[in-house]
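Each of the next two complexes has chain A plus one more chain, namely chain B in the first and chain C in the second.
The block that comes next holds the complex of A and B.
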């Protein structure tokens, strides 16, 4: 994560604005929005659910990329925040609430609170210690989930009645898909904008040279904490969406290997690149889906892919597509 | 009253007393140089003053404001800015981005999430002004890490200047410089005298005697003596422990 990862750019926000790069996100959005309508014509209905899951994981990966890639914080407990979001939904459903927006909003807020507390402790450490302490907190959340008998403990909790999006939306079979897509697009846009904002640029400065940032007068700890809490909250939202998507929540979604896979996906996609989460998740989950059709040893090729990327494209696949660093 | 006062600073590393009851003051408009052989505790002192190391004892005051309990970034806000002995810039960024980041630190909040910084004209003007001041206007688009050492040192100084400090801490600004770069740096520091009082830590004796209004000699963590250039040159113990060793080296 050194500075040379993102070399050029000084006033190029304007220069980079035009061309294919600017159209691409909109094109992709239009394609994804149309997908549930097109899919039935090609007997691809199953993949509408698959893409929905992709989009949800992309939200989680994008939030992780923000603290990992832009903030230089190697947090190995991101799945813990997904779990907090998911269990917030479970708690509300169990209490008799059925509004999706209420549940997702609550997940955002509750996870933000958790992430603030965990960040306030974790961010006093650096390097390996930070990795270990975020892992420890996530494992605590995992075992908390296991011990929650009310919500099924180890066995998990089924959400049998889908959450309500409200009014006419509930009659529309693809409403949940579009809601997820809208949120994913919003998070992506937010991440892109953050990267060129004062906040994002300060965060990258801390990643590259923390001592100098403090000596320049930046409130380093607070900046990192806000980034960490924000990313945690977005992960909580992704967890809540995943709970709705699966109709089921269990502690296994908080297991530390889930956090590790999120990191792997971000690394493959491109740390510190706004496309990192999108590409990483898209590639990883698609390959997993495809390989599973042919072999039960699907971990092998994915492992080889990871090794190849680390050696040949250490800045991730996004960097190969000519999308230069995100500095402005 | 002095602009800056450090009183009774103490720092221990295990059994070693790196800073042993050091008191030092800087008057408004003054360049106060701090010299001393390697291992005398100069860098430790700079880190204590700037807040990167916690004090074991002592107090710091700048322009009537107590700094002792403040974290580094708040000391900067109070008017104390520093350079680093080992050049500390954002190597992967352009000179312009470096300066913009420094300007951002002192113009409004960094908790702005949704507006592009690139659109902030005032920041750009501050950055260009800083470049102008230290002579970096020609290399704004160069990547900082690819610039020659002397130019990077200038950038380091420019970053510190963005705070519009009352007191500037320069930690061996001439370190590793050739004679020509050193001359330029001396001229730059002389120019900065008008903007801030300076505490100058430096090995280069020619530069120190040329610039400093007052010189303090640090040996084994203690201030051996303090006075103008003539006083220090004539001090027998200084000659023995410091100038002497240089002469024989």
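The block that comes next holds the complex of A and C.
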């Protein structure tokens, strides 16, 4: 029953050895920021949209990694929060609002409220029961989405006019891409900072030995709840961005297999490693995209990869790259 | 809503409950004895449904098709157990979830490659196509009665097997305390292989029986897996008796919710609101049930580990 016992014991990523490891995030950020400008020269315009989707899913995966990797909470309902965020956008668009910032901010707040309520109930359980109860809540949200006929029910809801970023930004075709990139970078930085903060360390302590942390006087339940609600809110933001990205929202984005795939991506990348979400999402979605180009049977190679990772790289790919700075 | 409609729906719920039990029994034993979470159980259900539908169509014998589906699925399960599941016992739940999710991806593509991407029709055996007059005003499809009868037979069989045979004693010993059973000389690994094969057989039987009344399609395993997991959590992981009681409760609650809630809501709420709320409340009924039961009894109704 203890899913947490064998989680990798990652140490603070704090005092990293400088050098390449320190500039890597900035290098990556610069590359990604320049991508939409370079892409047309290589006829890669299509991939600007693809990278935008990668970045959005990375936000979701990074938030899941925070509670899964650092907090040891195997939440099998994260896609439900993406759905809450997406439907918040739908509700605002349907009511006539068109500001992207308002919609995304509202998604953050609404999802935080949902995640706090769900977390308050779920976090009283442990192990498999926690997995099952988070799954159950996500299923409830799924059926709620199906029943919202005002917003298309099963068939989903199309957002036909893009949300407005405001002012001169709307004239700039890549503004949405850069907004997503900025948010993704912000979430990544926030995740990395939090992981080495007092809060993050306490969370890891709880993951490794809850009883001891409680005895030391840490408010175990409250810390976990804050982490769970925060991660849920960020997932809601990712859901809102995904709604803007696709221009379409349907309950299928809350299906339990979506939650499972989010976990899959985090574990492939490396739980409790700040690069975990980035690497996992990058690898999984790129493979999916490439395989889909060549064959309609693109599930089984991913299945094989997953089984191979479980047996040969249980700590995820980030650990394979010998990132000494990431763990002690 | 008259009495006939209510009885009919309750019988439907009973049939669904028995099918859930067939799935949950294997799942709960695998979970209970080896502490192994097997998401691929739904894929075995799908394999049973596909094989039975195809064999039935080409041979014309329903009973033969069910038998072949069970045998073939047990064979598939044995291969999966030897190649993958066996190596997962000592791992944590997360690794088990991931690896068996990988099996789901493999299984879905395999089915697509063999039988094509579109759903296939599973014919109802002609002998059971007509209704049976249960009461004067209550005709009931005989095929659904067969499902109930089959579920009941398996339940009785499992009860006898688990509670009144030597193998069953070993199974129970493994479920209640695996380490102790091992110290006492029980070869738990062997018991587990037996239980895994038995679970696969029951999943295949459920798939074969469910085929004619539902769509045989890719993804059917993932769809029924979640209710089956809800059943074993409500019943108490590792307890066959718990799975039986919980399966019937979930089957009845789910079916009754879908049948009775919309008309009941229409009676008290404005029609548009009722039309929105009805399906949602019916869909989430079993999850609410699970949340409530876990709050009151955190280890389920019949905890196997005392």
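Note that the second predicted complex is superposed on the first by the 307 of 328 C-alpha atoms of A that agree within 3 Å, B and C clash if a C-alpha of one lies under 4 Å from a C-alpha of the other, contacts with A are read in each partner's own complex, and residues count from 1 in each chain.
Here, a residue touches a chain if its C-beta (ideal position, glycine included) is under 8 Å from a C-beta of that chain, and two chains touch if they have at least 3 such contacts.
Source: prediction; values computed, not measured.
S.K.: Now for A:304: first (chain B), second (chain C), both, or neither, which partner does it touch?
M.R.: Second partner only, chain C.
S.K.: If we overlay the two complexes on their shared chain A, which of chain B and chain C does A:263 touch? Say first, second, both or neither.
M.R.: second
S.K.: So which one touches more of the residues on chain A, chain B or chain C?
M.R.: C
S.K.: Please indicate which partner A:225 is in contact with in the superposed arrangement: first for chain B, second for chain C, both, or neither.
M.R.: A:225: touches no partner chain.
S.K.: Considering only touches as defined above, state whether A:131 meets chain B (first), chain C (second), both or neither.
M.R.: second
S.K.: Classify the contacts of A:313 with the two partner chains as first (chain B alone), second (chain C alone), both, or neither.
M.R.: The answer is neither, since A:313 touches no partner chain.
S.K.: After lining up the shared chain so the two structures overlap, which partner does A:194 touch, if you call chain B first and chain C second: first, second, both or neither?
M.R.: A:194: touches chain B, not chain C.
S.K.: Show me the chain A residues, by the header's touch rule, that chain B contacts in one structure and chain C contacts in the other.
M.R.: Looking at chain A, the two contact sets intersect at 2-7.
S.K.: Applying the document's contact rule, which stretches of chain A touch chain C when the two form their complex?
M.R.: These residues of chain A touch chain C: 1-7, 74, 76, 121, 124-125, 127-129, 131-133, 135-137, 139-140, 142-144, 146-150, 256-257, 260, 263-264, 267, 296-300, 302-307, 309-311, 314.
S.K.: Which of the residues in chain A end up touching chain B in this complex?
M.R.: So the residues of chain A in touch with chain B come to 2-11, 13-14, 193-194, 196-202, 205, 208-209, 211-212, 214-220, 223, 226, 327-328.
S.K.: Going by the contact rule set out above, which residues of chain B touch chain A in the complex?
M.R.: 50, 52, 71-74, 76-77, 81-82, 84, 88-94, 96-97, 100-102, 104-106, 108-118, 140-141, 143, 145, 159-160, 162-163
S.K.: Can you list the chain C residues touching chain A in their complex?
M.R.: Answer in residue numbers: 31, 35, 37, 39, 84, 87-88, 91-95, 97-99, 101-106, 108-110, 112-113, 117, 222, 226, 229-230, 233, 237, 275-280, 283-284, 287-288, 290-291, 294-295, 298.
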